[in-house]
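Have a look at these structures, which come just after this line.
Here chain A shows up in two complexes: once beside chain B, once beside chain C.
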Partner chain A sequence: MTRAWKYVGAIWLALVVVLLYLPILSVGLASLANTRYMRFPHRNWSIGAYTDALSQHETLVLHLTSLKVALLVTVLSVILATLGAMAFARYDWRGRSAFQKVVVLPIFFPQPVLGLALLLFFSALGFTPTWKTAVFAHMVWVLPIVTLVISIRLFGYDPAQEDAARDLGASRWQVLREVTLPYLSPGLISGGLFAFLLSWSNLPLSIFTTGADTTLPEWLFSRVATNYAPVVSAIAVIATLASVLLGCVVILILRLIDTHGIKGDGDHG
Partner chain B sequence: MTQQKLGLLFMAPVAAFLLIGFVSPILIVGWYSLMEPRSFDLNTVFTIANYRSAFSDGYGPPFFWSLSFAAVTTLTCLVLAWPTAKLLHRFAGRGAAVITALIAVPIFISESVRLFGMSLFLMPGGGILAGSVRALFDLSIGSVLNTKLAVYLGLVYVHFPFVLFPALLGVALIPQDRIDAARDLGASRWQVLREVELPLALPGLVIGALLTFVLCIGANAEAAILGGQTVTVLTRAVEQRFSYAQDWPMGAALTMLVIAMTAVFVFPALSRLDLNRLIRR
Partner chain C sequence: MTRTAEPAQRQTALSLIGLSRHFGTFKALDSISLEIEEGEFFTIVGPSGSGKTTMLRILAGLDQPTQGSLLLRGTDITRMPANQRPTAMVFQSLALFDHRSVGENVEFALKMRGMPKPERREQAFELLDLVHLGRDYYNRAVTQCSGGERQRVALARALASDPEILFFDEPLSALDYRLRKTLEVELRELQRRTGRTFVYITHSLEEAMVMSDRIGIMREGKLVQIGTPAEIYGQPKDRFVARFMGEVNIFEVSDHRLVDFEASVSTVKDGFLIVRPEMLHPVDAEDPGLHFEATIAEVFRLGSRVQLHLETVAGLLVSEQPASCQLKPNDAVRFGFDPDQTHSVPE
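Let's look at the complex of A and B:
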């Protein structure tokens, strides 16, 4: 690549990033004024919208609803996906390639359609939709993704380590706890992060399956579609920062695991 | 235990969950779609009346718009993602890793937030763009908000990362020496792209395109937030059948048609892909 093309390439990449972040930045800018109508550039910049958002009880309720849904989705998906990933990537068995293709089907499925189908399903079974049914709905979509994420880690695993541990007298449980799981842990952590963030930000499934409960993205969507208020921008920023913060912490943990000890070759203490 | 038995044992929980959470809801929708119009109960008196009215009741426009938006968005995303993926691959290193991460982050930010931000950006008069232009250059500009163009921009914006990341996987499948060899043999830039790079990167591009196309068929938040009342997309039309019209069997029939349409695209593409090769890196 010539020098000139390198500059063109760099400018293109910068443009892509800027365009991706402009809308997100716009929410931040809009939240910094507390006027009835949006008139940018603001005459009076203020954080009034944030103090309003924080003083509303609703803000807390919305965050708590989203939090309990996302946490349950994370824990349940990681447990199930770990088992699924073993079948997906670890063992060689007849039917594996069919299983691999069936598992990814929910990812290649329009989410609002899935939400509607689950709503009919719940009502046919006589369940009233609440945040608990939303946990189930999110899992249908999140579980396949987490299974893929853990499988990617598992593909690099050398099963001979387990045999070696067995030969040295380790029990099946010890092998799992001291060889397999430590190796898998980065996959489990990133799988968990995916699960949490995807559930936390999900709109199309929540709309149909939460019933009377409301998650953050749902509330934002309903307020955005009806009437603008600066407090909506403020809550959007708070919810987004919460997830970005969590993401940073988890990535930091992954970095630490990577540099201290638990490596692919199982050489930890 | 043999690998065969262990494989079956470990796949069972996930398979059971998807059977309950994915397959049975679709079967229930299929059952509802065969019930008397406007009934709310499941019984064994079947009718295809709902499918008949689905074809005669003017659902053409929503199907047409959602399919067109999906096709145009997929093409646009492919055209934008290809050079981006090539550049990220070429610049491989710390800088490229940071940019890749920056492109990934928005996937995890709620669509409601991102589309809301886009509407704030495009808003006429006091919006971020129009307001800044007025303050800086003393110019009044129009706005594309509440048009089909805005819906299209929103769809491209939301789905671009879904094409980029599979495209990156695809680009990684191209060995550099193949490109060099083709060049040495006198192939033009265009010939290298068409006959070497695209075929080798095809699995990644197919996954990205398929994902985007399918997600766009179901997308309705873009039209709701950015499109005003200008267009009724497919899932919005289906949803209205359930909520306002209170006609579940008809809504279910429309849902089944959407699912069938999705399957027509997904099954042939997925059956030809080797996921092992792609994921293993």
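Let's look at the complex of A and C:
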């Protein structure tokens, strides 16, 4: 690699970063304007949108709705995906390879189609769409992805470790707590992070399946389309910061597991 | 080889009574009966798929027999779960806990018993010394250990539970030759020093010969023969065992006639003569036994001895001679053996 190529590489990287983050930055800038229309450059700078956003009860309700949907999706899909991934990675059963193909199928549907299909499905069964049906809808799409993420971790796993633990006196519960879960935890955490963020930011499925409830992305979308005010951008920024914060916390936890789990005294019991 | 107890005084550590394990119609274990004595190094040898590992897993409680029972010093433990048995196993994959340090691996069994951390650490130190790793390894990650070191960690971890019986499932198969040899000797030494019962599985005859008090040969879920290494080598029960225990020349005998040589045998009517390579040697006219013309096809120097491949009327035969042997390819020599001194098998 010559010096010239190194520069080209650095410029390329810088371009990618700028192009990725500039749009997000522009939302941030828009939130600081005091106008009814998004336009640059600003005539009046103001943080009024943020004080508005923080004082509005709606901000809290939107975040709470999205949060409870995302948290439920995370917990349920991590549990189900772990069971599915274990069944797939560990045991040989009839239909195992069919399962591998079917399980990822929902990712290939365009989400609006999937959303409409689910709405029809819910009404056929007589369910009124609420945030709870949205949890189910999100899981249809999120579960395959989480299953894949956890499977990757499981493939490197030697099930004989569990036999060894049993042999050394561990009860079934101790095997799970001392061997299986500590090994799987990085996969569970990154799977959970995926689940949370995919649900947190999902629009196409929510639009069809939340009924009278409104999630953050739904509200943002409708307000951007019709009734824009800087407070919309302000709430978008707050929501983005919330998910960035979550991401940072998870990365920190993974770091801790990595260093502490192997080297440290690790007295988990 | 000094032993404190005479064989007659030894107690039975493990009794296997008609143990079978069926997977559908496949009989992985077919009515195995065996008594393993206290303080014995017992090795089960067999080709892959012969049921060795299935048997060991049943002994350790990791699998349940379809039929039969298992006694530990006379107490039935057939249905006792693995975590309650006073046995420990070294696995083929070693099955070390990769997310734990060497020390945490070693003290796992102690932690499961609720022993406090300082005591556990003290015992782990002792065990690490015992397996020649040393306490410096305590904080090391198992993923940073070499193959031989991982082996020792696995051994220390199994010893930590102070088991009455230790099981080994081909633990050395992934190591290079030199390391394997070293560890074979160390294991044997450890077994003598601790006086524990070791049940060892391998497909390597050499490993079995070096370490064992007794060897059991397995084939298709059955124990074909049980005996000391010398017995199994010198008096195999059939051609399968003879072939499995190393290089061998086998000659068919039919109605007192050695078929390949058109010669007669007084001691055997029908069956097969088992002629080990070292029993086949160059002869003078006055030597007793059967003589025949041989042309040297190949010469392999094996260090302390020489292996010769001979072209004869009976086809290609194998002979082994001391390293001083000067025969070269294409030499024509008279070779022979004494059929009356040769072990024979009916099938």
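Operating definition for what follows: the second predicted complex is superposed on the first by the 255 of 269 C-alpha atoms of A that agree within 3 Å, B and C clash if a C-alpha of one lies under 4 Å from a C-alpha of the other, contacts with A are read in each partner's own complex, and residues count from 1 in each chain.
Assume a contact is a pair of C-beta atoms (placed from the backbone, for glycine too) under 8 Å apart; a residue touches a chain by one contact, two chains touch by 3 or more.
These numbers were taken from a predicted model, which means no experiment stands behind them.
When the two structures are aligned on the shared chain, A:182 is found in touch with chain C, with no touch to chain B. Which of chain B and chain C touches more residues of chain A: that partner is B. After overlaying the two complexes on the shared chain, residue contacts for A:150 are found with neither chain B nor chain C. When the shared chain is aligned, chain B comes close enough to touch A:220, but chain C does not.
In the superposition on chain A, A:163 contacts chain C only, with no contact to chain B.
In the superposed pair of complexes, A:195 makes contact with neither chain B nor chain C.
Touch criterion met: A:171 reaches chain C, while chain B stays clear of it.
Contacts of chain A with chain B, set against its contacts with chain C after fitting on chain A, share not one residue.
Per the touch definition, chain B reaches chain A in the complex via residues 3-4, 6-11, 13-15, 17-18, 21-22, 24-26, 28-29, 32, 42, 80, 83-84, 87-88, 90-91, 99, 102-103, 105-106, 108-121, 123, 125-128, 130-132, 135, 157, 160-161, 210-211, 214-215, 217-221, 224-225, 235, 238-239, 242, 248, 251-252, 255, 258-259, 262, 266, 270-271, 275-276, 279-281.
Against chain B, in their complex, chain A makes its touches with residues 1, 9-10, 12-13, 16-17, 19-27, 29-30, 37-41, 80-81, 83-84, 86-97, 99-114, 116-118, 120-121, 124, 136-137, 139-140, 143-144, 147-148, 151-152, 155, 197-198, 200-204, 216-218, 220-221, 224-225, 232-233, 236, 239-240, 243-244, 247.
Of all residues in chain C, those touching chain A in their complex are 57, 60-62, 81-85, 87-89, 91-93, 95-101, 104, 108-109, 111-113, 117, 139, 141, 143, 157-158, 160-161. Residues of chain A that touch chain C in their complex: 158, 160-161, 163-171, 174, 178-179, 182-183, 261-263, 265-267, 269.
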